Every structure is written in C-alpha cells, then in structure tokens.
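Note that the chains take the letters A, B, C and D in the order they are written out, and that residue 1 is the start of every chain.
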Amino acid sequence: MTTPQTRTPPPAAIRPGPAPWQRRFYEVIFEADTPAGKTFDVALLALILLSVAVVMLESVDNATLGEMHPRLRAWLRGIEWGITVLFTLEYLARIACVARPSRYVLSFFGLVDLLAVLPTYLGLFVSGTHVLATVRTLRLLRVFRVFKMGQHVSEANALLKALRRTWPKITVFLSVIFCAIVILGTVMYLIERDHGSGFDSIPRSVYWAIVTMTTVGYGDIAPRTIAGQSLAAVIMLFGYAIIIVPTGLFSAEVMNYARPPAGPPPGARTCPRCDAARHDAEARYCNRCGERLGEPAAD
Amino acid sequence: MTTPQTRTPPPAAIRPGPAPWQRRFYEVIFEADTPAGKTFDVALLALILLSVAVVMLESVDNATLGEMHPRLRAWLRGIEWGITVLFTLEYLARIACVARPSRYVLSFFGLVDLLAVLPTYLGLFVSGTHVLATVRTLRLLRVFRVFKMGQHVSEANALLKALRRTWPKITVFLSVIFCAIVILGTVMYLIERDHGSGFDSIPRSVYWAIVTMTTVGYGDIAPRTIAGQSLAAVIMLFGYAIIIVPTGLFSAEVMNYARPPAGPPPGARTCPRCDAARHDAEARYCNRCGERLGEPAAD
Amino acid sequence: MTTPQTRTPPPAAIRPGPAPWQRRFYEVIFEADTPAGKTFDVALLALILLSVAVVMLESVDNATLGEMHPRLRAWLRGIEWGITVLFTLEYLARIACVARPSRYVLSFFGLVDLLAVLPTYLGLFVSGTHVLATVRTLRLLRVFRVFKMGQHVSEANALLKALRRTWPKITVFLSVIFCAIVILGTVMYLIERDHGSGFDSIPRSVYWAIVTMTTVGYGDIAPRTIAGQSLAAVIMLFGYAIIIVPTGLFSAEVMNYARPPAGPPPGARTCPRCDAARHDAEARYCNRCGERLGEPAAD
Amino acid sequence: MTTPQTRTPPPAAIRPGPAPWQRRFYEVIFEADTPAGKTFDVALLALILLSVAVVMLESVDNATLGEMHPRLRAWLRGIEWGITVLFTLEYLARIACVARPSRYVLSFFGLVDLLAVLPTYLGLFVSGTHVLATVRTLRLLRVFRVFKMGQHVSEANALLKALRRTWPKITVFLSVIFCAIVILGTVMYLIERDHGSGFDSIPRSVYWAIVTMTTVGYGDIAPRTIAGQSLAAVIMLFGYAIIIVPTGLFSAEVMNYARPPAGPPPGARTCPRCDAARHDAEARYCNRCGERLGEPAAD
C-alpha cells in the first residue's frame, strides 16, 4: 500500500484529447504499452542516436578524417535534414493529440522536443549553430523513461530530493570555496605573473585555482617558482582535505533518507484494553493480552 | 525546544550605541529587516561584485585583451577608487554606530571590512599590491549571511562542528601522508634527477609527490624512467586507496551527528516516586523502585 | 543457519568425472586441498606472472632498452611459447577430467583459460596480436580464489550485490551526465574551435568534457579563450559537485546491506496455531488469531 | 571502565633500566612529563625539521638558486653532520638507558631512529645517498605522539582497525582493477603504438592506464586516435564509477564501528518471573510485573 508513494505522479498530467484519433495517436506517440507505441519509441531512439552521430561526424574536421568526399558531406546534411523534418512533424503531432497543448509545450520534454529541432533551422541563418542539434540527446531521457524504467524515475526523484536537502549545506560550502579560490588565485597571480608560467591575469589565476582545487590539473598553467609551488601544494592539500565535505554530507543525507523512521512503524496500533502499542499494521489481536484489535481494514 | 540550540548566538554580540541616530544607522548598516537595510545590503552586494570584477579586469594583460584603451584603464581605476572610498566611509560609519567599536573592529567581519579597503591604499606605496583588493569577496559572506540564510549559518556551524570532531583523526592521517610524501619525493629525486624530467631538487620532487597524491597531476613534472614510473604508479594507487580514509571518517562523523540522540526514546516515562527516567513505552513498573507507573495509555 | 547463505554456491557446479584418474586429476588441477593441488596452484601462479612479464618485456621498444640482444628476444619468444603450450595442455586436461566438459568450457574461468592461450596462436597469423596474451592476468583471479580466500569470494559477491542494487540509480545519474557531456562538449566546440586549442571536432570536445568531468585533466586539450575557460570552470565545479552523488548512493547501499535484515528480530516467535511469525520476544498472544503463545521463557 | 580499552598499551613495553641514572635519562629522553623531557622533545622536533630542511636545501640545484656560495654549501654539510652526530649519540643513549635494548632497537621507533642516522654515513661511501636522510621525518611521528596527543594514537589505531577490516574487500577490488588495468593497457598499446603518442610499450601503457584510472592524468602520455580516445573515455568513466566502491566500503565500515551494537544492550537482564527481557543494566525491578531483579552489582 505504500509503494504508490514511491511513484511520484507527474505534476501536470498530460492527457490525450477527446477525439478518438487523438487517443490513438497519443497511445502511439506518448505511451509504450501497445506494440505500436513500443515500435515508435524504438524508432525514435534509433533516429536520435543516428542524428547525433551524424552531427558529430559532420564536425570532424578534415585534418582528422582526411578530405571528406563531398558526396559524404552531402549525405550527412541530407540525413540530418530528414531527421529534423521528421522530428518537426512528430512535435506537431504531439501538440495535436494532447488535450491541453500549452501544458505539453511548456513541460520539460515539450521544450526539449522544440529545442531538438530549432538548431538545424537556426543553422540556415547563423552558420555553424546547427551543431547545437546535439541537444537532441536530451530526448534520450524520454525514451529512457518510457521504456521499462518506471522505478528509475522515482529513483531519480529520490536522488533529487536528497540533493535538494543537501544543497543549502553545499551552497554554504561552495561559497566559502569560492572566496578561497578568488583570493588564492590573486595571490598566485602576484607570485607568478612575472615568470611566464601562464598566470598572466587574475581571472586566469582563478581559473587555475579551480582547475587545481577540483584536482583536474591540466598543467597548461602551472607554478614555477618555489613560492608558487609551495602555495600550490597547500592549495592541493586543502582541496584534497575538503572534497570529503560534500561527499560526507550527501552520504549522510542519503542514509537518513534510506533509514526507517524512528518510533512506532507507520500503521502501528495500540491495544484498546492494555494499551500495548507497536502492533504492526496486520495485527488482529493484542500480543500482550489477547484482546481483539480493530480490523486492519480500518487503516 | 532543541531547535534554539542549533542557532548558535554570536559569541560577542555587536549592539547599536545608545544615541537614536546610532540605532537608526545600525538598523540600516548591520541589519536587513527594514526596507532601508535590505536596499543597503543589495547595493553593498552589487558594489562588492563590481569592484572585484574591476580589479580582475584591470589585471587582464594586453596580450589577452589587446592594448586596452587608456581611457578604459582610467575608468577602471576611477571606479575602484570610488568604491574604496565608499567602503572606507561605510567602515567608519560601522565603527561610529556600534556600542563597543573595539568589539566590532576585532570581530571577523570587522577585520574583513578593514582588509577590504587597505590594499587599494597600499597600492599607492607598493605598486601592484592593490590587486589584493579581491579579498573583498570575503565581504560576500556577510551579505550572504544577512539575507534570508539564517539556517545556513547554523548549517555552516554544524559543518564546522563535524569537521572539528573529525580533525584530530584527519591530522594523524595527514601527518602520516606528510612523511610518506617527503620520503617518496626523496626517492623519486634519487631515481629521476639525472633524466631531465623535472625532478631537479627534493622540494620539487615533494611538490610532484603532492601533485600526484592529490590526483591533480599537472604533468609539468613526470617520471620518464621505468623505475620512476613504476614507483609513481605505486604512489598513485596508494593515494587512490587512501583518499577513502578522510571521506569515510567524515561521512561517519556527519552520520553520528545526524543520528537522533541516544537519550530517552520517544514515549519514555519517568517514575512518579523515584524519578528514574528512560522507562520504555510498555513499562508497567519502575525498574528502579518497583513503583507502578501510570498506564501506558497516559502517553 | 544464515552464514551458509553468505557462501554463494557456484551456479553451475563443476564436478570431477566418474573415472578414478579423473578424480585424481581434478583434485590436483581444480582443488588446492591436497599438497599436490597446492603445488600445482603455486606453479600456475608463477607461470602466469612470468608469462605476462615476458610479453610485457617483449613489447618494450628499443628506444627504451637500447637494441635488445637478438638472443634475448629469442629467449623471450621461447619462454612465451613454452608457457602457452603448457597452458594448452592444462586446458585440455581440465576438459578431460570434468564430468560435463561443456559446463566448464562455458564457465567464466573456462573462457578465461581459453582466452589465455588463443592470442599466442593468433599472433602467428595476425602479427602483433600475441601481446593480447596479457589477458592471462585474469587467470590470477582463479589462483587468488583457490588459495585461502574463500570468504573473499563471498565478499566480492556482497560487493557485486551492493553494486547491482545501486546500479539503476547510478544509471539514471550517468545518463544525465552523458547528456550534459554531449551538450557541453558541443558548446565548447563552438567556442574554442577557431583557437587551435584542440577542440577541432565535437567528438574530441566530448572527449575533453569527459577528461574534465572525471577530473583526469590531461591538458592535451585545454580551453584558451576567456569564455572557454569560464565554461570549463563551471564544468569542473559541476563535476566536482556531482562526484559525490554515486559515492553517497553506494555508501548508503553498503550501509543498508551491512544493517541487520528487517526480517523477524532475534527471539521472534511463531504462533503454534496459525504459524504467523514475527511475534517479538515479549509477545504473549498471537497477533493474528489471539492464540496464547508459549511463555517467552521458551526462548 | 571501558575508556581504558581505547588506550591501547604498547605491545612490547619499553621500560627504563634499574640504575637511577638510567631512570633519569629515560625520563628525559623517552617521556615528556618533566620540564626536562618537554625541553628535550621540543629541541628534538626543531633539530629534525632543521636537518630535513638542510638536506632539502642542499639538493636544490644551481639552476634554481643560482650558483650557491661554496661557503653556504659547506655550512649546510656542517649542520647536517652536526645533527647526525647528535642523533647518533641520542640513539646510543636510548639504547643505554632502557631495560631491554633489543626490545627498543627492534621496535618501530627504534628502527626509525637508526634509519635516521644511517644515510649520512652511507653518503660517505655511496655519493648522493645522504639525501635519504629525509627519512628523519618519520621521527616527527614520535614527537607528535609524545606531545599531548595520547588520544590521537588510539584514534590512529581505530583507523587502522577499520582499514584492516575493510582490507580484504578492497584487496579483491584492487586485484580486479589490476587485471582491468593490465588488459586495457595492452589494448591501448595495440591501438596507439604507431601514433607517437607515448604508448611505446605495454608497461608504459599500463602506467598510462594507472595514471588515468586514478584520475591523476599527467598528459605526458595521451591517446590521439579516435579509437584510443574513445577507449580512454570508457576507462575514465569506468574509473570514475568505481572509485565509489572503496569509499563506500570504508565509510560503511567506520559507521558500523561507530554504531552501538544491535540486540539487547550489554548487561541487559531478563525478569525471573515474567521473562520480560531487555531490562537495562541498572534495572532493579521488572518493568512488566514489578518482580525484584537480581542486584545490578551481580554483573
């Protein structure tokens, strides 16, 4: 009886329109329970991956692949345009078959569906921006959801809840880190700026501080003076010591979330005669005095 | 009744002076409950960000931005000086309107407010040091605090508590790491010094060991010999294996901190005769003196 | 009674054949309880390490070791071939002495044993592929298992269980990361492609995004423009903030796993009439049918 | 009564010899309770830091510091020799004033004290090895212990306990990683060896795999081909996903260590009349039927 709680219903439900053709379309496009719906989703998945691959391939420069055959380039463009047109039609179909189009259009996936087609058209006016079509990968989240992953969605929600509860703490934490990064970056700038080691401005030093604190460490900017390297070492050990903070906070948060609540379990009842508490939800008789308890049906 | 405990009152409270104008100033400058106070804080926030941005922009060298127009440079200097003067006046105003100026001046934020204005003046004598004005970012912490983030402060305190409790353990841990780093750095120096791979002194090798242990890994110094690379691999796996230690310690600490106190369980009762507490909800007799307790129905 | 549960019996048990010579072989080859079996395993361990070392040494190019003496090269080849032949014979012996050869051949270690000998033979036809013989290291897992590490296997299973339970959550998490990486990589490509900083195609930018998000940070590709470095900084802080998610999830999972099962508490009893279980230690009456339970003294 | 347990007594106690002068020496050298002892320890601490600093400074090459004045070099050598002689005398004094010299010599700190003086003498025969004198940093651990950090030692022990309990699991984990690293390194070698990207031998590729898995990422070796970068990306995500494993295991271990044991608390008793269990250690009467329990003194 408690499992439904874990399945969080969508905040603003999107429903098919009244007309029968709308319902039929809706079943195919939005759901995956019918064979047609499943086929549609698989096709969609394939198209998304294909189109993203095409866009990426287009961007691979000649230096890497050797002069691409112009025909191949034409083919890629053609495929991308074809898929874009299909996605546009699908988008219109989705709008057509839902009860409240506005509600769909403004939903997360509604916006994603729109963003998925815009870049290609935008590319007609602003050259090069069509590569933004890779935003289509976001559509994978829908398919990923539609498939057999109902509980995953609820898990994602649980994840978000835990993150949201941890967020304030982490915000405090990050804002302190932010100050440390700005100030340490400035000091490193003062120390290293005249040694051609890449600290040629405060923003760049701050960038270096972030690269270092997060232990990414590109090495494109690295201290050379003894003083700079000493301070850098301190910063690293500092960053090494503090990465534990958000991890610990979040782990504890997830733990508390996973832990069963203290006190009597949900649905525990008390005996009307001897007041012994903590009878579990299915108990029919008091386990102290044998008194008959109210029917479990009661709760 | 326990929530107040989480709100830690400031150790040395800063209060407005007796004069009415002092109280009025105090409301505006130190508090954010009145519209005037809120406006003041927002303006302060904007000024801080602006001044930090200006200082950073000034430091951006010509190589990056192209020869800056001298007028722009003059503008930046002007803005910085203007803000510095404003901050100086604000600092004096804060001193003027509190009851015990010394208490404010020596408080954390009092020192920060002073440090926020000093570098610019210092820059008049020691060229270049004015960039230290970025220390102003620390002032953000105040605004950040003044706004609606009361509980964040208490969270920060909880964080600090947990960190402080974990600190001794982590100190032991880090001191062992320190020894390991010094010794391993020396060995790497012996192995690599003649191969022009950057290990040209023990301090530098130690710096490398820190860069490696913390998984920052710039690559400006990297072993080239088989022996050096083998030892480096061991060091990495070692560092990889030990980063878990502080994280685990801190997580556990936060957990214990988050766990409900071991005190009397919910529904615990006290004996009317001997006041022995901690009788669980089902207890019928005092387990100290045998006195019959009120019926569990009582709770 | 619950400890056996922790020891997971192999899904498809591999047993010796009926003939006595099979049983004898089986004892030596598959088990490690007899002196002969122990000796065999130690020899196997030594051979595996030796052969992997040989293959690695062969691959060390002249630039590093100086022109290897042709005789040394011949020796290495000889040793590798010798070990390969031995492993082949061992493989056949294993097939010969088990009851159901197919079951062994298709088992994990059966496949590993086959893969351990194939590359050398494959090297006869496709030059260079013989180095794949390093896949033999997988055989170490068997020896490692055969030795005194029975409980380690069960620990590994516990590990896998926890991982499997955490997997769905982490899948959701990683798929979101995947989208972020693709999109951020595309944006970085748009920003940096004309600055010769290595972002010369979307796949490469995505590769960079992965290198950055995972805090590996080679530095072979690194942003140079202010805009690129700013976005990179955001990506790093983002990656820094999210690495806590899987860690927290897994820690919590292991914790719950380590926590005593939610099943009947120690000392729980079963009703003699209706067999309802889960009565706690103090229960006097069955909470299903009201039947009087044996005195708690019973346990 | 349980606190003493936390203070782990040294396995093999080192005691002063019978003679009064031995006891006096022992107080000064081994203990820090008397003013003399404290002074001695502070002096020791200073000497250790000084000598390590000297050894490091000596190693700083001319390229960095400019041609060092020969007299400075002589001074450094002199200081190092002086400290070495002092440490030698101290070592002999320690041997002289303990009851069982062998027990001290073979103790951890006994070996450290010996290792602290050997390198300088060794440097007379094998040039350059005297830099190993940095092993003296290990002596800091003693001073660190002698000071006011009694409980830190016990904390270190608790740490070691938790680590030891987690070790088997982590061993299994690391051995699997080891196999993955060897095999992936080999594959990368096959893919990248002809592209001058540094994968010029399997050991080097394995080294690269370790550098990548541990997210150190020097960048001195980095894949260039599309195939290599794709595999590298997989390796990184893999390493990113698995670093959570040991962390989770260790956190859980520390948690379980910190958590109060499940089941009836230690010293819980059962009522002789109604068999109600879980009376805490101080209970005098059964909280079910009021029966008098055995005196708590009993346990």
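Just so we're on the same page, a residue touches a chain if its C-beta (ideal position, glycine included) is under 8 Å from a C-beta of that chain, and two chains touch if they have at least 3 such contacts.
In this text the structure is predicted, and so the values were computed from the model without any measurement.
Interface note: subunit A and subunit B, two copies of one sequence, contact each other through mostly non-matching residue numbers (shared numbers fall below half of all numbers used). Each chain's centre was taken as the mean of its CA atoms, and the one lying most distant from subunit C is B. We define each chain's centre as the mean of its Cα atoms; on that basis subunit C and subunit D are separated by 28 Å.
A separation of 40 Å divides the Cα centre of subunit A from that of subunit D. Each of the following residues of subunit D touches two or more other chains: 64, 203-204, 206, 215-219, 226, 243, 247, 249, 251, 255, 288. Residues of subunit A that touch subunit D in their complex: 64, 215-219, 226, 247, 251. Contact residues on subunit A toward subunit C in their complex (touch as defined above): 52, 55-56, 59-61, 63-64, 128-129, 131-132, 134-135, 137-138, 140-141, 144, 149, 151-152, 155-156, 158-159, 162-163, 170, 174, 203-204, 206-207, 210-211, 213-220, 243, 246-247, 249-251, 253-255, 257-258, 260, 279-280, 282-290, 292-293.
Note for the complex: subunit C touches subunit A at residues 168-169, 171-173, 175-176, 178-179, 182-183, 185-187, 189-190, 200-204, 206, 212, 215-219, 222, 226, 229-230, 232-233, 236-237, 239-241, 243-245, 247-249, 251-252, 255-256, 262, 278-280, 282-290, 292-293.
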